[in-house]
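In what comes next, subunit A is part of two complexes: it sits with subunit B in the first one and with subunit C in the second one.
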Partner chain A sequence: MSNKTFLAVLVVAMLLFAVAPLMIAWAPYEATMGLVQKIFYFHVPAAMAMFVSAFVCGIASALYLFKRNVRADRWAIAAAELVALFGLVVLISGPLWARKAWGVWWQWDARLTSTLVLWMIFLGYLLLRRYGGPGSDKLSAGMALFGMANVPFVYISVNIWRTVHPTTNVVMTLSPGMRGAFWWCVAAFMLLYVLALAARARLEDQRARLEELYLALDDDLA
Partner chain B sequence: MNTFFSTAFLVMKKDLTIEVRSREILYTTLFFAVSCVLVFAFSFVRDGRPLEDAAAGILWIAIAFSGTLALGRTFERERHGETLRALMMAPADRPAIYVGKLLGVLAVMATVEAIVVPLVGLMFQAPILARPLLLVALLVTGTFGFAAVGTLFAAMLVRARSRDVLLPVLLYPITVPVIIAGVRGTAALFQADVDEPMARAWIGMLLFFDAVFVTLALWTFEPVMTE
Partner chain C sequence: MTERPIVGWMVRVIVFVAALAVAAPAPAALVTAPQQAPAGQSEFVPIDELPPAEQLPAAPLLIAAYAVVWVVLLAYVWSLWRRLGVVEKELADVARRIESGQRRA
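Our next item is the complex of A and B:
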């Protein structure tokens, strides 16, 4: 992504986020939960970004493991960090909503538990990368594959088990008034995600180039 | 196909032969599992006596913790004896080596569970003989799923730094579904009014997890172990 494209997309994303509160305020109240339901407009897009990122990390890791594509590994790191980030948004906005809607901060139902587990798998990825020493790039790639396999499970957990968390039906059957605000926020979050991913992957690229330069100059001096 | 399984059995036989002679992993894992059960039994008390409903959970915690130990020790032994290099250089299918290691770990865990399960039954008055076949099916499928992922990660981590702490850090989030299924299924069997359909449902879930984990593990073992 060139600097110009990045800047353009950044401006668009900022505009989307600037207008988002207005869109959310204009959206109708939900019948039972009232104002509290409006966390939905950030909670669900963040979760979508988290799932997308887990897939990106998994696919990039597969490319790295099986095709030895080193660039893919850098995208994998970026994507894993974003799973942790957007996962944090989900796991904070969720309980804030839950406290008001269900009366408890947390429930060990299928959806919440599996989301937490997914988040922890990618945290494990990051820990391994940081503290695992040499060779941890391949190992974490293997870890990311398990994480990616987890995502469909997290998604359908609400449909299989009777959970306190709403089912996947909600997004498909949104009332017309809410659809505008919701998809606006989805667009905003997805643009933010793409920007963050590109920026982070670029940082890894630069670090790798720096490494190469260090090593190359070392050889010259010796 | 034939060489695959004969290689796997060869690796397993090697591990078990060493184990039978030294019994190091077996004794230490067994002792640790029993200590686990004791510590948890004393931690979960009501009116000064152990909580009987906690039996299923405590059993699976003991399996998970002692299993992690056994996994770490299996590969530590390879690293210590510097036989890992030989194993990797052998003209054998890498996945076959994985399966051989897995079978060795399963043998150790089966022996440990054969002692821990009756112990839990004794300490918590848990009806382990109410539906013995279903209980065995739960234990087999659950331990298999746990060991399948564990063997992969233990092998992956054998050359990494901080490998002892990283193994549980990486293993537990991924095997949480297996533990949940194991605990819920076992709890369904231990309750006064045994819930067989529930236990069967959880066994089905465990079979699903086992299939996914083993497939992923076989697929990634080769590229992860090569440079």
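Our next item is the complex of A and C:
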């Protein structure tokens, strides 16, 4: 992504985030949950960003494992870090919502537990890359494939098992007042995700370039 | 004491402890009925006005949720910016050292 494109997307994302609180305030209250339901407008887009990032990491890891595409591995690291980031947002905003809506901070139901497991898989990926030593790149790529495969299960868990978490149907049946605010926030989070992914991948590219330069410096000294 | 009485005594103790472990949760189970999780909502129903009882208690949780989201995202952006700055500074430094090495050669 060129600097000009990055800046343009950044400006748009900042505008979307600036207007988002107004959209959320204008959206109607929900009959059962009331005011606290408005956490939905950040919680669900963050979860969507988490799932998208898990897919990006899995696909990039597959390209690295099977096609030996080194650049794809850098994108995989970037995406894994963003799974951890957006997962943290989901796992903190969710319990804050749950405390009011369900009376408890946490329930070991299918959706919450599987989301926690998905988050931990990608934390494991990052720990492996950081401390795993030689060969950890391929091992973590395998983990990322497993993590990516988990995402559909996390998504449909609320529809298959009896769970206290709202089902996937709530997004499809949003009222017009809620729909506008929701998709506005989704657009803001997705743009933010794209920017963060590009910036994080650039960091990995720069690190790789630095390594090459150090090798060139060693050759010169030798 | 002979060996057989000791074994018999130990067996009696083990059976007693096992019986306690099985019987102990029974009163608690009788008192508390098993709780079934309510079914998840399949639709959000909009309303125009909040009932008064709903207004204040949810606000701190809502504010905390938005504050956490902003803090986490801004902290990450700051961390990324700092890490990129460190690497790019080091890149410039190494490039300069290579260039000065080549000029000397």
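Keep this in mind: the second predicted complex is superposed on the first by the 222 of 222 C-alpha atoms of A that agree within 3 Å, B and C clash if a C-alpha of one lies under 4 Å from a C-alpha of the other, contacts with A are read in each partner's own complex, and residues count from 1 in each chain.
Note that contacts are C-beta pairs under 8 Å (C-beta built on N, C-alpha and C of every residue); 3 or more make two chains touch, one makes a residue touch a chain.
If you're wondering where the values come from, they're calculated on a predicted model, not measured in any experiment.
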Checklist entry - With the two structures laid over each other on chain A, which partner does A:99 touch: subunit B (first), subunit C (second), both, or neither? => result second
Checklist entry - Which of the two partners, first being subunit B and second being subunit C, lies in contact with A:124: first, second, both, or neither? => result first
Next on the checklist: Taking the superposition on A as described, I'd like to know which of subunit B and subunit C A:65 touches: first, second, both or neither.
Outcome noted: first
Next on the checklist: Just to be sure I read the superposition right, which of the two partners does A:214 touch: subunit B = first, subunit C = second, or both, or neither?
Outcome noted: second
Checklist entry - Is A:179 in contact with subunit B, with subunit C, with both, or with neither (first, second, both, neither)? => result neither
Item to check | subunit A residues touched by each partner, larger count belonging to subunit B or subunit C | outcome: C
Next on the checklist: One more residue to check, A:138. First (subunit B), second (subunit C), both or neither?
Outcome noted: first
Item to check | Interface residues of subunit A shared between complexes with subunit B and subunit C | outcome: none
Checklist entry - Of all residues in subunit A, which touch subunit B in the complex? => result 65-66, 113-114, 117, 120-121, 123-124, 127-128, 131-136, 138-139, 141-143, 145-146, 149-150, 153
Checklist outcome for this item: In their shared complex, subunit C is touched by residues of subunit A numbered 21, 28-32, 34-40, 42-43, 46, 85, 88-89, 92-93, 96-97, 99-100, 107, 109, 158, 162-167, 169-170, 173-175, 177-178, 192, 196, 199-200, 202-203, 206-207, 209-210, 213-214, 216-217, 220-221
Checklist outcome for this item: subunit C contacts subunit A in the complex at 36-51, 54-55, 57-59, 61-62, 64-66, 68-69, 72-73, 76-77, 80, 83-84, 87-88, 90-91, 94-95, 97-98, 101-102, 105
Item to check | Touching residues on subunit B, where the partner in the complex is subunit A | outcome: 149, 152-153, 156-157, 159-162, 166, 169-170, 173-174, 176-177, 180, 212-213, 216, 219-220, 223-224, 227
